[in-house]
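Letters A, B, C, D and E mark the chains as written, and numbering starts fresh at 1 in each.
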Amino acid sequence: MHRFANPTRFLRLAAAVLPFSAAVAALCLGAGLVWGLFFAPPDYQQGDTVRIMFIHVPSAMMAMGVYAGMAISSAIALIWRHAIADLIAKASAPIGATFTFICLLTGSLWGKPMWGTWWVWDARLTSMLIMLFIYLGYMALWQAFDDQTKAARAAAILALVGAINLPVIKFSVEWWNTLHQPASLITMEGPKIHESLLWPLLLMIVGFGAYYLTVLIFRVRAEIHQRRTRMLRMAQADRHNAMQAAD
Amino acid sequence: MSRTFLMLIRRDLLLAHRQGGGSLLAIAFFVLVVSLFPLGVGPAPEMLERIAAGTIWVAALLSVLLSLDRMFQADLEDGSLDQLALLPIPLALVVLAKTIAHWLTTGLPLTLTAPLLGLLMQLSPDAYGALVAGMLLGTPILSLIGAIGAALTVGVRRGGVLLTLIVTPLYIPILIFGVSAVEAAAQGFAISAHMLFLSALLSGTIVIAPIAAAWSLKLALD
Amino acid sequence: MQGQVSTAAAVLEGRDLAALRGERLIFANLDFTVSAGELLKLVGRNGAGKSTLMRMIAGLVTPFAGQISWHGSPVRDDPDGFCADMIYAGHQDGLKTALSAAENLDLFARLRGIRSQPADQALAAFGIADLADLPVRYMSAGQRRRVSLARLLVAPASLWLLDEPLTALDTSAIEQLGSVVDAHRDGGGMVIAATHADLPGSPGKVLEIVPPDPFEDDAEPSA
Amino acid sequence: MQGQVSTAAAVLEGRDLAALRGERLIFANLDFTVSAGELLKLVGRNGAGKSTLMRMIAGLVTPFAGQISWHGSPVRDDPDGFCADMIYAGHQDGLKTALSAAENLDLFARLRGIRSQPADQALAAFGIADLADLPVRYMSAGQRRRVSLARLLVAPASLWLLDEPLTALDTSAIEQLGSVVDAHRDGGGMVIAATHADLPGSPGKVLEIVPPDPFEDDAEPSA
Amino acid sequence: MSRTFLMLIRRDLLLAHRQGGGSLLAIAFFVLVVSLFPLGVGPAPEMLERIAAGTIWVAALLSVLLSLDRMFQADLEDGSLDQLALLPIPLALVVLAKTIAHWLTTGLPLTLTAPLLGLLMQLSPDAYGALVAGMLLGTPILSLIGAIGAALTVGVRRGGVLLTLIVTPLYIPILIFGVSAVEAAAQGFAISAHMLFLSALLSGTIVIAPIAAAWSLKLALD
């Protein structure tokens, strides 16, 4: 019964990865925060508000990255019917939605001092808001089915269709002229950020990634255990019925 | 009687919850519709401020409209409307209970979300009170009038759109008063007259709507 | 067309009933009586008007002519009193598919105010106690029907109206329904059932619904 | 659990079929064959999986295990060819209530491309020729069922799948269905029917669906 | 195959017609939503002109959204979706036929009504061409994307609102391009780039959407 793909291999791998990812997350986030908040110099234009960047930029990247991961594992699940891929996609969504929310929140906190308003309807901000909705729709679709195998396939189709939003977000700053600042970190010419800000930022980005991996492992494990409980309960009920019928 | 009444409200809340985060979806639709406007109309803040009240109210109205559809339809389709009609209490009370549940799962959450949307639409800070107060009085009226429309169109072909056509014109007075209250408040005027009007409308509809809706439902069951 | 008049005092009585559907007269001059402990079987070909009569007795369809009385007084005068003592199990199940079997039954009993049996016991009477916590959504046609019939047992009522109760039931469920009906009648309850197949258990009266004679003058709707 | 192997060459063959619903195994290791002119009756208690198997044969539900073949080659390889030669009459009528009986039948025949009998004739076979122009919306449960069964006659197909075809039918309609099925079989057609009651006409094979043994090891879904 | 395909379109058109003036109701809703705006925002002509394109497009989008709900739902509920799935043609073609019928009964009539609403909203005379051309290319995309959403949520609890939540985000690019075409035209700029983009989007979705929707429908039938 391959559909309930034997998860032991995944569990073993997860157990091996978990201590590292947890350690990297704790170290990088700790060091990055301290460095970024206390030791990095204030920006000559933005002053101390620039420190919001250390949360804002990593969460923005993770919001998109997690979605990309979700779309890839959905494709894998659809093509190869790989059960763990479904679970990875499912478990990623709430994490990604949270990153998106944090990005929106820190963005508007930053927007108030920088642009004088909490919110503007520029292309990047809007497409980020849309991404939050796609995450929510994806999660709602999972909830809407009782049958988990069906839910998995429906959600996978949605994740793939929704993936067209990713390039829209990424290139929104280039396609439309917006208030939001264009890419300065990942560009053709290399980073355009001063080194004193770059290093703590990179630390934070790695930390966010490791944090995602850690939480993901926990969530997928929980899903696997939940499914096991369900199967055991059903088997028990079937046995009980069979015994009753035999009497 | 009152136990049955409370039980009916609980029933509908339970169903809304079980059938998958009822209010959450209403809220999401509300936010989505509001955010369509800046996309369509353009992001200029002074422009947004001018259309803020109207857009938020129109979006709230549409969100309520969209959720009306299933108020009685689902119960008709699976036969539970028969059972509700055969409860030993007047059908109008059943309708009132369902309407209250509808408001609790749509109107109320929309009202609570509205200030956030005000922020997105650059609503002037003085106007938030009027927005929330107006919606608190106005959304129950939307649910009540909606109940009449939903009952009239239940079981009818293309009921959904027909419902919209019947109900929207009746919603217009509420829209106008709701919006003008917000605009008055933004300009520093008093809004007590608006609120008085909405309260009067609410007391009127809370009496008439359940009775009218109950009549219409009887037709659908006949 | 008439049901035989029984010796016991009639509790439910329909007199001179006529039904109009889509401006067409379905049946007319229909009389029947049901006394305590009786079963009335409605028969008639497809489209004769069995379901229509059933809904008319329940009070969902207004009679075009005639009157139904309960304990001697017209049902119209006190519909709520009649409803409190009657359960209608129609064509449709009236179950909420998002809720489990037990939740559906509990809801039904609570809304009616009085409970006669716990849900588990009622489900057991129809052989599906083990499905109590399964959402109705997952059930097969026959399983749903059983749940909907189990409603008869969770709230007390002296009159049961069953419209094609045997639909989708397997033989064991039909037997169970037969004995549930018998027990109800032994306790003085009344049952009206429209069914094409045979309901097991002690036999009852039969009311055959035949279409009105289109040439008879006073059966014409415009009369 | 096995259907008896008939002497004629099997046209439809299911081998080692298993169904999973809501992550639960409903049946497993199911085999059956149907040859030209045969009737296969599916029986089993409520919830045994008759409707599930029916939909699986039709191609609506994917088998969890096993394979169905048609004229020797797997149905999966050419689903459209199989569909063109099969009619599925499920639980639900599949009728458009806004259209009349005749319109519904015409639509069905035209969508399938080939027509075998005019709608009127098909309706007459089920005794409702006079209702041909009545919108289905106005019909009683039994009348609808008759219309939906009349579909079998308007488009040619050698395999009929009937899920509880007798629901809501009165005795005359049941007789009519019996003779329609017999005529189909005489012409070499095949019928699979899930029903709790008896289908009149010449008897067929019986396949009883029983739940898989929960104690058997490889039936455990987590294995 | 092509006869079956054409017959399927005819079937849906016939049903839309029999079930009570399908297109008429969509148009009515479209007009209603647009006319709410002068009520909510106030009648100043220069104001209306600025929001005209956006409002019309948003209203068209909402009208389409509202009509999607029943695209497959009605067929699922009465069992005719089973019959359609068992037709001897690929399910994706069935979906395409239904989508075309949907467009013919909603998108097309909306497009034809739009100029009238332009008049109502004081749209600049140069912009009518861009409005109609944009909608002619854009509304089929709305129907196609909508078909995916409708297929994903058919038979699902609270399908209607969930559908909206899923589909609206995907509609936004079309909204943005449609509106900016109108605004470009009003200012005398060329709109060929916009139309090219919409055409490209249309050719993409016409291939992908029926397949994705057919996959999703199979889930609902399983």
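Going forward, a contact is a pair of C-beta atoms (placed from the backbone, for glycine too) under 8 Å apart; a residue touches a chain by one contact, two chains touch by 3 or more.
Since the model is a prediction, treat every value here as computed from it, not as a measurement.
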Checklist entry - Which chain pair shows the largest tally of C-beta contacts? => result B-E
Checklist entry - Rounded to the nearest whole Å, what is the centre-to-centre distance of chain A and chain E, using the mean of the C-alpha atoms as each centre? => result 32
Checklist entry - What whole-Å value do you get for the distance between chain A and chain D if each is reduced to the mean of its CA atoms? => result 47
Checklist outcome for this item: Whole-angstrom distance, CA centroid of chain D to CA centroid of chain E, is 37
Checklist outcome for this item: Among all residues of chain B, those touching at least two other chains are 18-21, 25, 28, 32, 39, 42, 77, 157
Next on the checklist: Going by the contact rule already set, what residues in chain D reach two or more other chains?
Outcome noted: 21-22, 91, 98
Checklist entry - Got the chain A residues that touch at least 2 other chains? => result 126, 133, 136-137, 140, 144, 146, 241
Checklist outcome for this item: One finds touching chains in the pairs A-B, A-C, A-D, A-E, B-C, B-E, C-D, D-E
Checklist entry - Residues of chain B touching chain A in their complex? => result 20-21, 24-25, 28, 31-32, 35, 38-39, 42-43, 45, 48, 119-120, 122
Checklist outcome for this item: Touching chain E in the complex, chain A uses residues 126, 130, 133-134, 136-137, 140-141, 144-145, 150, 153-154, 157-158, 160-162, 164-165, 168
Checklist entry - Hey, which residues of chain A end up touching chain B in the complex? => result 117-122, 126, 129, 133, 136-137, 140, 143-144
Checklist outcome for this item: Within the complex, chain D is touched by chain A residues 1, 3-4, 146-149, 227-228, 230-232, 234-235, 238-239, 241-242
Next on the checklist: So in the complex, the part of chain D that touches chain E is made up of which residues?
Outcome noted: 55, 58-62, 80-81, 83-84, 86, 88, 90-99, 107-108, 110-113
